[in-house]
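What follows is one structure encoded as structure tokens, with my remarks underneath.
The chains carry the letters A, B, C and D, assigned in the order they are written, with residues numbered from 1 in each.
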């Protein structure tokens, strides 16, 4: 089976190479995206068949890569799950791009890299030795970097790409260090060797921290997330969807692979750090998102938030597994995996929707949109589905995985460790806060972008996107719903994965009546998305029918009431910034040092009043800018050495010589 | 062998004869072809060493696993650089920066330099090695100053003075090695033959060896370009003709490094000496971090990549300083990859600077738009040199870091910090060069892309697949280095 | 037979909450008036209002979308489903397994989400103001609610509401500090969620401080009726929840006969009455807060519920 | 080896070291060149004595080269350059004479300690010779970095080379190859320096290296 996935990945890469030749021709983008969609879909099917057939892991060793190790590839349950995530997501995004890609001004800056990027992500997932893994990982970064640079003429894009690749390189360095520790001085770089060695707890802890830096920076955990909200929006929308929806998952795959599979026991004794990082990431991500008015940037920050939620699940799984609470560990792990799947679906959907909106309005600034629900009926529906799903509201899929995470948190009082027991409720509270803030944020997004009145002429005349794009988004929306109302099937399909990672799986769900999910025991908790949906649909229809039948069905269109004020300029509507104002005041003053400056003209003056908000990004301004400044300062100091006279250079050599001679003299 | 000469003699003889011929023959077309042909012939002779087997070491010549790597690499890059040089120099003649007289001088010096470097590599006598390095240095000094602009002269002067002092220190080190060997091996030339020195090194006076190594690493280290002995290197790279920059970065640094490695072997063979490792590690790290910082403020594209060479020499010296089979393997691999990649970068930089008529970083913008082939080649080259996969440098850096971390975690962290610093600077510049709105001359250009593609192809191949025999060979060398 | 009985109980509950929702609102309103020494409207007035609204035609803003028209029914349905899952006079509801306490909170969240969207739909400043403030309040109230749910769930070992109520009604529970904290937190959350004083004022319409009313300003006719009904339903939901959790006496257990169920029903009605009176009294004895003081109040609720949860986490091991 | 021959070698090498110090002491270029010639003569004597002691006739060649090239030819040529180019006749110092002397003392002490420590096993002549040679090398180097004029720097470099040759001559039986190469390198060095000085003369008014330092390619 692994050879099929590998073949698919390599074919995708060749497609990338081929499109260098094709790129000039008309219709090239259709062919490339169509072929990418087909290949990704096939690979996803292979992964699905593998996962459902419970086949034993399939391996392959090629005589390339690190010479004395070779390139190992392996398809096991975990890899298969991520192959599905990558393959399915890419297939849908590629279908979207068949239509969307037409608008690309310079297709040759996207086409060669796009299929190769998918291929590289697949390679990361099936790699089974450190070198192949890192090679694919970094190629993945590199290709996405090239994709980010598709619109390289904008200064913001260039600086985003710069930050992105530097952070990616930093992450890779951390990964190399981690694998160096795992391989040991003998250089056992294949994963089988790493699995077989029992590491010491200290080493395990260092590796976990390194993985948090390495994989976490790619996934976007706070405070290493800074590149993400810059790079994801800078790329063309289908690439943003790919990076946010899928690539971050591949990063999490890296974390899971190392901490649960390769390290095993040695990694699990300190889940506090993972939990804390996850909780902070979730809350900070959504707070950042609330402060944005660039649609894609906002969505990118929501990726940060969801990564935090996933890490909370992973941290819980580590904690439970360490204390041998196997059922709980399985629950937490499934919650994390389910959320990975869900996020990949709805975040892709939202980014694709954002792409459609950007295409229709020519802007990413939410303050220039509004009223698109009238102009883009289908997009507005699917985007609404995505918004509900990401806000973790029933009956869509986002709710199910968060619900599972909450259930896992509620099992934590049985943990024997005090620190964890005190930490977990706090984490639960943060998770709830993040979820509530996310809902607020998506009310803002949907309300400002799709509802209300158009704020610009482009928004007023926006056109619905093409059929390919709509079809792709519709598929994703349907998946959001299906995963929300039939979660049992997903959970059962995930059980081999959780078994492989935490040696236990959740009880079989699909045998429960009415497809209810009961993670631990029926007396403890259960949820049935299907019934909830049916109840809501039923009672809403009943109420509507009853009222229309027995009361009135009259309807008259009239100007908005608005307490008698006359609606005029669309600017009087609540915009992105004004919507966020209450939350900005509540949370922003502490976190972002928000200051609102109001300058009121004197009475009688005709000058406009001015309102300005300043805020500081605590991570970027407080940390990264300072590092940059430090490097600059050092570089300036070092740079003086470029301008010495020959005599001074000789003096340096002479000093070094005398110094070394002195060392020799003073030695022993 | 039906040949009258063995490959070793050919490797030395061809450049020597070619140098004489080139000094007297007129005409640009002929001489540049002759230059390419002679370089190709030397490369073939070196390649023949791989095929026909190695001659037994004599008092003058030694071919072992270590230097055969260097010889093949040296002659290969010498050949591709000659190809590039043919296209490059044609443009220089057109624009009048070089006159035919100087051209003749240039070609002759090119072969003299190749002769010098080949001699360093194949000789078995540490005295002869010193002479050859001096020869290579002097020939490159003359080439650096060939444009006769104030900047070029100044660069050459600086190179000459610093190089001479370095060479003097190296001579003192060489004398000291002889002094250490003389009581054991007896008086005379035998005590300067490397293959005699190595097996008996354990009996030498360890303290003299220590002292000798201090002088040798300072002397030859100047040639390697280790900070703070590097001062000549950036200017020499920036002001000389670009083929020479490519050869300097790709070859001369390696050749000097080879000399350092030979003496390091001698040191490690004597268990009572101070381990050379810590000194090399320190100098390697200092070079790495210093060069990485210097990259940030560069405004001249060739000087930028010159500092990048210093950085990579730091990496290689660090790897060899760490020692052990993995690090040594990685160091060797890195050296080969750096030679190929850096010379490829200089090939593209040469054309770019000719197109734009400037080496100023601020005047080179949006190359992937205006000159896609050159621009993307530069992108690929810089990414490769910055340690991005799927190129060979990534493999060597991967091995160095991962093998170091479990042995010396703090060193590995400093090393990683240095790499990241350098990466940030290079990427920042690269973004400026390759992307954004293009500036300056936007005319398409006729460039000789073949050497570039060959180099990058090899680097790419090595990043993904190293042939088995080559691995075995590298591993043997790694063991040799201890 | 038992299934039919259970279905009957479930159905009765479902309709009971809708039926008494306007009544509870009416009682509260009347009580407030009486406490202010006004005569006040009849306690049945809300029924009349609703009927009248339902019969009127809808005046729809010109640029209102389909979402604006669908929201009232969705909000009503979501609130109703949530309310139907709260044990009022009997535990062991037939469909209680379809959603646990967390899901109920989330259902209310869905209702609020849609309502806030509707507030943004017409594009009036008031609508946006209401939505924005509503979501800010919710952002704090929801975690507090969730943490309260946590402490209850930890106590009972379940998030299934019926199980929790059964456990709390049982003999195993004494007075607990965490329960007290949870109660206070839950009351604050209930006040905030139902747009009551001190968080919001349900009886104003032209004040910049209003939240909920600003959000639904553009609604009229049957749409408004659905929203008012949903609001009343939500109030009943919270009162029932507090009653079921903290004063669970008299509640009928599954399997008990018709008698206990009737008794439970009686108890429930009394509890609702007391709750309505208490709410009115409380509202009159306190002033409306400035909008930006609300986070402090809700923050206190959040802290209390977290403290309660922490105490439980800790005490489990003692 | 007899005590006498040892003493003579010692004396000559010590004499060279003394002349090195004298060079540091000079403040005028002509005087400096004269002292350098003396230095070269001492070197020639020293090498010749080694030839006698070691019974190595090829060292006589080295001594002769030292005598002719370094003691006569090069100082003469430098005289002419100074005259022709009208260079300022003063030695421009970076560090004062006194301080330079002190530094030089320190260097001599350093190399003596080092040598005494190092070669405890080998014979005394080589050891002492080496200590002197190292001191001379270091002093030459010191001179290069504490003087501003190119001429005095060149002289510093030459005295450094003299130290090298002294060391090479002191090494028993060191092959001729090396001495010739040393002489050769000095010759080449001189020619190239001459070429450079000439070119530099073309473009600058002075061979003072600091003037050229303005041309950094990449200005500050």
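Descriptive notes on the structure:
We adopt the following convention: contacts are C-beta pairs under 8 Å (C-beta built on N, C-alpha and C of every residue); 3 or more make two chains touch, one makes a residue touch a chain.
Since we're looking at a predicted model, the values are computed, not measured.
Top contact pair of chains, counted by C-beta pairs, is A-C. Taking the mean of each chain's C-alpha atoms, the chain whose centre lies closest to the overall C-alpha mean is A.
Centroid to centroid, with C-alpha atoms defining each point, subunit B and subunit C lie 78 Å apart. If you average the Cα atoms of subunit B and of subunit D, the two centres end up 31 Å apart. Separating the CA-averaged centres of subunit C and subunit D is a span of 99 Å. Centre to centre, using the average C-alpha position, subunit A and subunit C are separated by 35 Å.
Each of residues 114, 117, 141, 144, 153, 209, 213, 216, 218 in subunit D touches at least two other chains. Contact of a single residue of subunit A with at least two other chains is seen at positions 642, 646, 650, 657, 661, 664. Residue positions of subunit C with contacts to 2 or more other chains are absent.
A list of each chain pair in contact follows: A-B, A-C, A-D, B-D. Residue ranges on subunit C touching subunit A, taken from their complex, read 51, 54-67, 73-74, 76-78, 80-81, 84, 95, 97-100, 102-103, 106-107, 109-110, 112-113, 116-117, 119-129, 131-133, 135-136, 138-143, 145-147, 150, 153-154, 157-160, 163, 205-206, 217-218, 220-222, 225-226, 291-292, 295, 302, 305-306, 309-310, 312-314, 316-317. Residue ranges on subunit A touching subunit D, taken from their complex, read 642-643, 645-648, 650-651, 654, 657-658, 661-662, 664-665. Taken in their complex, subunit A has these residues touching subunit B: 63-68, 130-131, 134-135, 138-139, 142, 149, 152-153, 155, 158, 161-162, 165-166, 169-170, 173, 176-177, 179-181, 183-185, 187, 189, 631-632, 634-639, 641-642, 644, 646, 649-650, 652-653, 656-657, 660-661, 664, 667. Every residue of subunit A that touches subunit C in the complex is listed here, in rising order: 370-371, 373-374, 384, 388, 391-394, 399, 403, 406-407, 409-410, 412-414, 416, 418, 421-422, 424-426, 428-430, 432-433, 435-437, 439-440, 442-444, 446-448, 451-453, 514, 516, 518, 522-528, 531-532, 535-541, 543-544, 547, 551-552, 554-563, 565, 567, 570, 572-574, 578-583, 585-586. By the touch criterion given at the top, residues 157-158, 161-162, 165-166, 169, 207, 210-211, 214-215, 218, 222, 228-229, 231, 234, 274, 279, 290, 293-294, 296-297, 324, 326, 366, 368-369, 383, 386-390, 394-395, 397-399, 401-407, 412-413, 416, 419-421, 423-425, 427-428, 431, 435-437, 463-466, 468, 471 of subunit B touch subunit A in their complex.
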